[in-house]
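Below is one structure, written out as structure tokens, with a few remarks after it.
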């Protein structure tokens, strides 16, 4: 095993636990089927992240089966789980961590309603106060990109850099979400599917009313700064 | 801790238990995701109510984490949970309790179908006998209101005062329901989402048939006075 | 307690158990919310049936809380549960048992998709082989009927007598299903909601293809006579 | 009992376990209601397969209640479960095993969205990368076929032979899926319903964008050869 400092070893263990547990949250929230979907988390203070193995049942995931990778997307040899292949989306996660140092977690799913908007390459309009709170406006669409090189990661970063939204709808594919940490990215994935579904259903019988941009700004600002418990580090989204 | 009479202390403890347990009912009924949604209950015989803390996971809610507030929406200091921030909708709940003394419980969710009608600012027409029973007619729409002052509470009260419906669809936001007590308000939230979904689905393939106003009146009157067990205090809705 | 023969006492106990357990099946299959919906079962060899109490939570139902009624819909005094009011649909169940001696079980729900068809007073066309198997053709619509007299029971019987379907969609209200026994009526309620949902969804994007009447007849005949285990009494639907 | 070699006896026992467990997966994934749906698995190295009994509750299925059949669809006498009737779809499964020696598992359901496409006899267009990965293109429609002879089996084989898709939508009936083994066929059934639902929902509000055929080919090729763990036999789908 590569020699990590004691602090890094502790951080790796914590992120392994967190990322393993968050995969169960994807199942509980109905965002994934079979072995689809993946969560990763950056190891604070190190150029490392932890991600799910490829094609393994959600019932069989625990902290020791998570895979430790460098920011180039390479598996760190001789670490727990390193005998397995990491998620086939590992290169996309790695690209995001390299390019967006403020991101501590990445989630990818094919959740039904978000993916349906992605199949039409249609942004989700901000017609709910919960969307204004959480995403600060519409959910943008990213490009069509084939797996196998950096094109998915680049599409995510090009779309979300400088954007309020923590979620992008990759065309004909599905959503990626980012967050301060893995839990925050999972929250974004859960909230995204919820608003994607509600706005879809609202649109089925007519046109939702728009929300004034100034009201969207006020809601986003309040939610990022006031909501949740004051003891949290930053906004407790 | 403020000195409450023994009777009030017992009542507070009972409402804490009830409100904590009812949050689990919101999850079980699929009305909420992540930390969204909130239930409150008035403490009988006191100018107090109990509400959920802000941004805390449903798995971590118990009686002692519920927060005791005055009818001005201020947290009662030195009581269990008082070191945390109450739900960001606390001001709206407090406004309802101040203005509607007959209300003993308030619930807010972003449940999918009710929120979809709210996004279009469209009242749900009374085309089901279950709606006539439970709500006595259509479900009305309330105004667009920004969080942060009394405008949400005022919108709820202005819409529901003198109305048969215990539910209001706040525009671009979601439903609030009221009840004799917290459990009755949760029942209203559950029934609202059920009828919002059924009427939505009926409308997708054509126009539901209307119910004659006289039949709606007869159904509502019977249900409020006859349904349920005679030993209950009032109608066992 | 009224003096019943030992055989009848055994039969009552068995039907109480069965009806109590079948209410849990309604919950598990997602056909009911809160205290809505009800199952009843005829006591073989006696002019009696067992039904759920009114307005009681599904979590609190067991064999001893079920209520024993005569075929006039009157509660049999001094029997377990007789201190409570029976389901407010008891008169409708009683009417069916009086008029259709071959019926051993009745179920009523407000299941979403079946109720949506009922709100439009639109029969569900037989465009699935599973519908042909189970119902032998379309699911018919019954009249609008107000609770409180025999009009619901009469509407059910007038629609289903001589009809292959074990399910009727009562206008603006919801489905009633009948069966050889309570379990068979619950099966009909489950299958009804399943086909109501599938045909609804098929219709959302175009017109389902019809099935030839001769094919419907062949499927219905086979399923009633061949499907299931030969040791069952009659067709093991 | 017919005299099987020790190796075959071991293989039979393993397939009984696997097929029994996979029926629970159908329930968990929401693909079946009541006693509908069935899974079968070929016994490696023998002209035998294992299938579910007809009309038995999913709660009551275990390895010993599974039924062993020859490739003619006849129950092997004097084996566990042989006193019961096998699934009424047994002839169709047997036909597939006789005609497609590469197939090791067959699954049939009436899953909602796949069956809705089948009711319109409309192929599901390949507008999601997950469809390209898993099915290599559109999901084809099979003919209308009545149960009782070889016509369902022949319809499945005529449609899927030489086709990339492991799923066929039998007209007015529902999907059949095939796989390397029973688990692979269940995975196909789960993924089919997922894409059937997502494409349906995408289509409700407009037209999904097509994916270029060359991109579909590239995705299918990669997924069949690279995805999953290298230790698996073949592609770990």
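First chain written, first letter: the chains are A, B, C and D, and each begins at residue 1.
What we mean here is this: contacts are C-beta pairs under 8 Å (C-beta built on N, C-alpha and C of every residue); 3 or more make two chains touch, one makes a residue touch a chain.
Chain by chain, the UniProt names read as follows: A, B, C, D = L-ribulose-5-phosphate 4-epimerase.
All values reported here derive from a predicted model rather than from experimental measurement.
Fitting chain C to chain D on CA positions gives a rotation angle of 90°, reported to the nearest 5. Comparing the contact residues of chain A and chain B by number shows a mostly separate set, under half of all numbers used being common to the two copies. Computed centre separation for the pair chain B/chain C is 32 angstrom, with centres defined by C-alpha atoms. Between the CA-based centres of chain B and chain D the separation comes to 46 Å, rounded to the whole angstrom.
Listed for chain D are residues 204, each touching two or more other chains. Chain C meets chain D in the complex at residues 29, 127-130, 187, 190-191, 194, 197-199, 201-202, 204-209, 211, 215, 218-219, 222, 226-230, 232, 236-237. Those residues of chain D whose C-beta lies close enough to touch chain C in the complex are 33-34, 36, 53-56, 84-85, 88, 110, 112-113, 115-117, 119-122, 144, 146-148, 171-174, 200, 203-204.
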